[in-house]
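Two complexes come next, and they have one chain in common, chain A, joined by chain B in the first and chain C in the second.
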Partner chain A sequence: MAVTFYKIATVTVGSGGVSTIDFTSIPSTYTDLKLVISGRTTNDSGWRDYFMLRYNASSSSIYSRIYTVGYDASTYVSGSASAQSYHTAGVMSANDSTANTFGNCEVYIANYTSSVNKVISMDFIAENNNATAYMLGANAGLWASTAAINQITLYPYNVTPTGNFAQYTTATLYGISKS
Partner chain B sequence: MTVLSLNTKQKYGSLLAGNAFYEPGDFSSITTVTVGSGGTSSVTFSSIPSTYTHLQIRYISRGLGSANNDTYDIIQFTFNGVAGTSYAWHEMAVDGNTSGAVMAQSGSSAAYVRSWSAGNLSVSGNYGAGVVDILDYANTSKNKTIRMLSGFDNNGNLGGNPLKYYRYGSASANSGLYLSTNAITSITINGIGNLDQYSSFALYGITA
Partner chain C sequence: MAGTYEPIATTTLSSPSGAVGFSSIPSTYTDLIVVASIKMNSGTPNINLYINTIDSQSYSSTLLKGTGSATTSSRNINKYGSGGGAPIGEATTEWGIATLHFNNYSNTTTYKTILTRITEPTNATMASVCLVRSTAAISSFVVQADSGSFVTDSTFTIYGIKAG
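Moving on, here comes the complex of A and B:
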């Protein structure tokens, strides 16, 4: 049976944290990309923090998404955002989350080298040892570019960025090949 | 360099000595359990090696519960044989009948983390399915968080009198927290009642 699932690169954040996580020179030899993040930020953000994505370092307003999210005291929302300069990819744990607890997030980019616009699915959780402090949800994202993706950059909270990814945060990029 | 095969005594110009190139990849099957005739009360993955970075469970399942809620089943995960109050979970589910989502959550001291599958009164022969991701399961600096997507479908309205819970089926996103920095070495899976025959749980290891 053909092997179709490969690790491309892993980033493990060391002491002091980092302001961005960058995967560069992504080879074009796979079919899809899968990014798995066990993450936490240094911001005090109400038991969770957002994280953002950019592709190929592009800040053009060509990012859009549809989202569905559940959070806190059984609140459920859905909606959309368009013409943004980044993807709000999801949430992870924050500095004021339950200690030693990290968000659990996945980003899947299908046909990342194709000559059509790129579609991205994102699902994420930020858990706490608390009945009413959490967030989980999913996004369907569009990056309206026909360029092959060769770089993915992660930012905590916003693309300024604000704060750091905390120590022990891990992000692994996988390449998935069709057989 | 010439390589001599110990089996055939044939000489090769490569260390592969006539064997196909092997590349293991980074996604590996650890083990799979398929429930046999009569069902079972639980499925346990034990002695999970610490050599991977992440774990993933993929399952199909159907419950044999006989309570009022037997049109669905709750799949309950516990780790390292720890019962009691070391868990928290939250849930966003749709039931195919109402718009929006049904939110649910544990208290802060739950006995398990959970996802969904079909129940004893679901359409005959139908099973629920789920994917469960446990990141950094052997990292002793982290509590363990679990991300789950699961659901089942009843091929339309199951009806019933009174109307059955989740009679259309359900799709659910769940989050879970196991409040321990210990490496996960075993996973136990229960339903509300027994798990039906042909329910199948596959454990994968993912390398980073």
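Moving on, here comes the complex of A and C:
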């Protein structure tokens, strides 16, 4: 029986936190990649914190996205960002959110080794267990590079991290093969 | 390692086509996931899902769409016909990703719900839910554009998921 959904690597953040989570030497043997994150940061940031992705350690201004989010007291908005040096992939719980809450995010990268620009789907949710503080959203991302993706780096809050990913944050990278 | 995420079939278009379908889907899995890399040759048509050749007013869907300047929601009831089934989003002349989740697709007791995400980086980010009011196991489906064609090299892969 074929197995086509492989765990490439898992990172579980230990005591004290880490400023980045890095998946390196990603093999080129799969069709798609899926990154699943359960995260929290050490920043006091109004209960939720953004987190960023870079591919192949590239800081070139070739990241863009369209997003739609719903948050807090029945607010929803769609916006876009272009010529960025990173993808704002989503939000996770911040240090001042309810204890033991973690945000969740799924990132899907189709055809990550192809020689065309990469389309990236990023979905996220953070919940704070009160009446008015939550966020969920969906990103349509583009990394305008024809290079195969062999590295993915996660940053809390900013690509110049203000804080850390908190203890018990987990990130798992899966490879998916269509044959 | 148990095989719980298995490719059932892949279609890569060798020429443009307005519709792509899968048939004779085995009922041996718990859920199905379809991953598609799609691009249209023209326009920004609705993409419709058409299940088990059901051509009756048995579909409904709810869509959420963010364009970068606005978030909208739309509702479609009893859709069917030449466009096929229920709208699940749209595609355009840029490469995008569509993922479809057919949960508990082979049971013969409940109506079927399909969750879809479509990602198009300069057009829109979309999510939808589709209901087909049929208790039959899903053994075939077609993804069909209202107009235009999916371009050559568009790919559609269907995976079977087992709960245990």
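Keep in mind that, in the parts below, the second predicted complex is superposed on the first by the 178 of 179 C-alpha atoms of A that agree within 3 Å, B and C clash if a C-alpha of one lies under 4 Å from a C-alpha of the other, contacts with A are read in each partner's own complex, and residues count from 1 in each chain.
Keep in mind that, in the parts below, a residue touches a chain if its C-beta (ideal position, glycine included) is under 8 Å from a C-beta of that chain, and two chains touch if they have at least 3 such contacts.
Just so we're clear, the structure is a prediction, and the values are computed from it rather than from any experiment.
With both complexes brought onto chain A, simultaneous placement of chain B and chain C is prevented by a clash.
In the superposition on chain A, A:T41 contacts neither chain B nor chain C. Looking at the shared chain after the overlay, A:F5 reaches both chain B and chain C. Residue contacts after overlaying the shared chain place A:T68 against chain B and chain C alike.
Contacts of A:S80 after superposition: chain C is touched, whereas chain B is not reached. In the superposition on chain A, contact is made by A:N139 with chain C only, not with chain B. When the shared chain is aligned, chain B comes close enough to touch A:G103, but chain C does not.
Legend: residue contacts after superposition of the two complexes on their common chain; A:D32 is shown touching chain C, with no touch to chain B. Judged by the touch definition given at the top, the superposed model places A:F124 against chain B, while chain C stays out of reach. Put simply, chain A uses residues 3-5, 68-70, 76, 123, 138 to touch chain B in one complex and chain C in the other.
Listed in rising order, the residues of chain A touching chain B in the complex are 3-7, 10, 36, 38, 68-70, 74-76, 98-106, 123-132, 134, 136-138, 168, 170, 172, 174. Chain contact summary for the complex, chain B toward chain A: residues 23-27, 53-54, 88, 90-92, 100-101, 103-109, 133, 135-136, 139, 141-143, 145-147, 149, 173-177, 179, 181, 206-208. Interface residues of chain A, counted against chain C in their complex, comprise 1-5, 31-32, 64-70, 76-80, 108, 110-111, 116-117, 119-121, 123, 138-142, 176-179.
Remark: chain C residues 1-7, 10, 35, 37, 64-71, 95-97, 99, 117, 119-127, 155, 157, 159 touch chain A in the complex.
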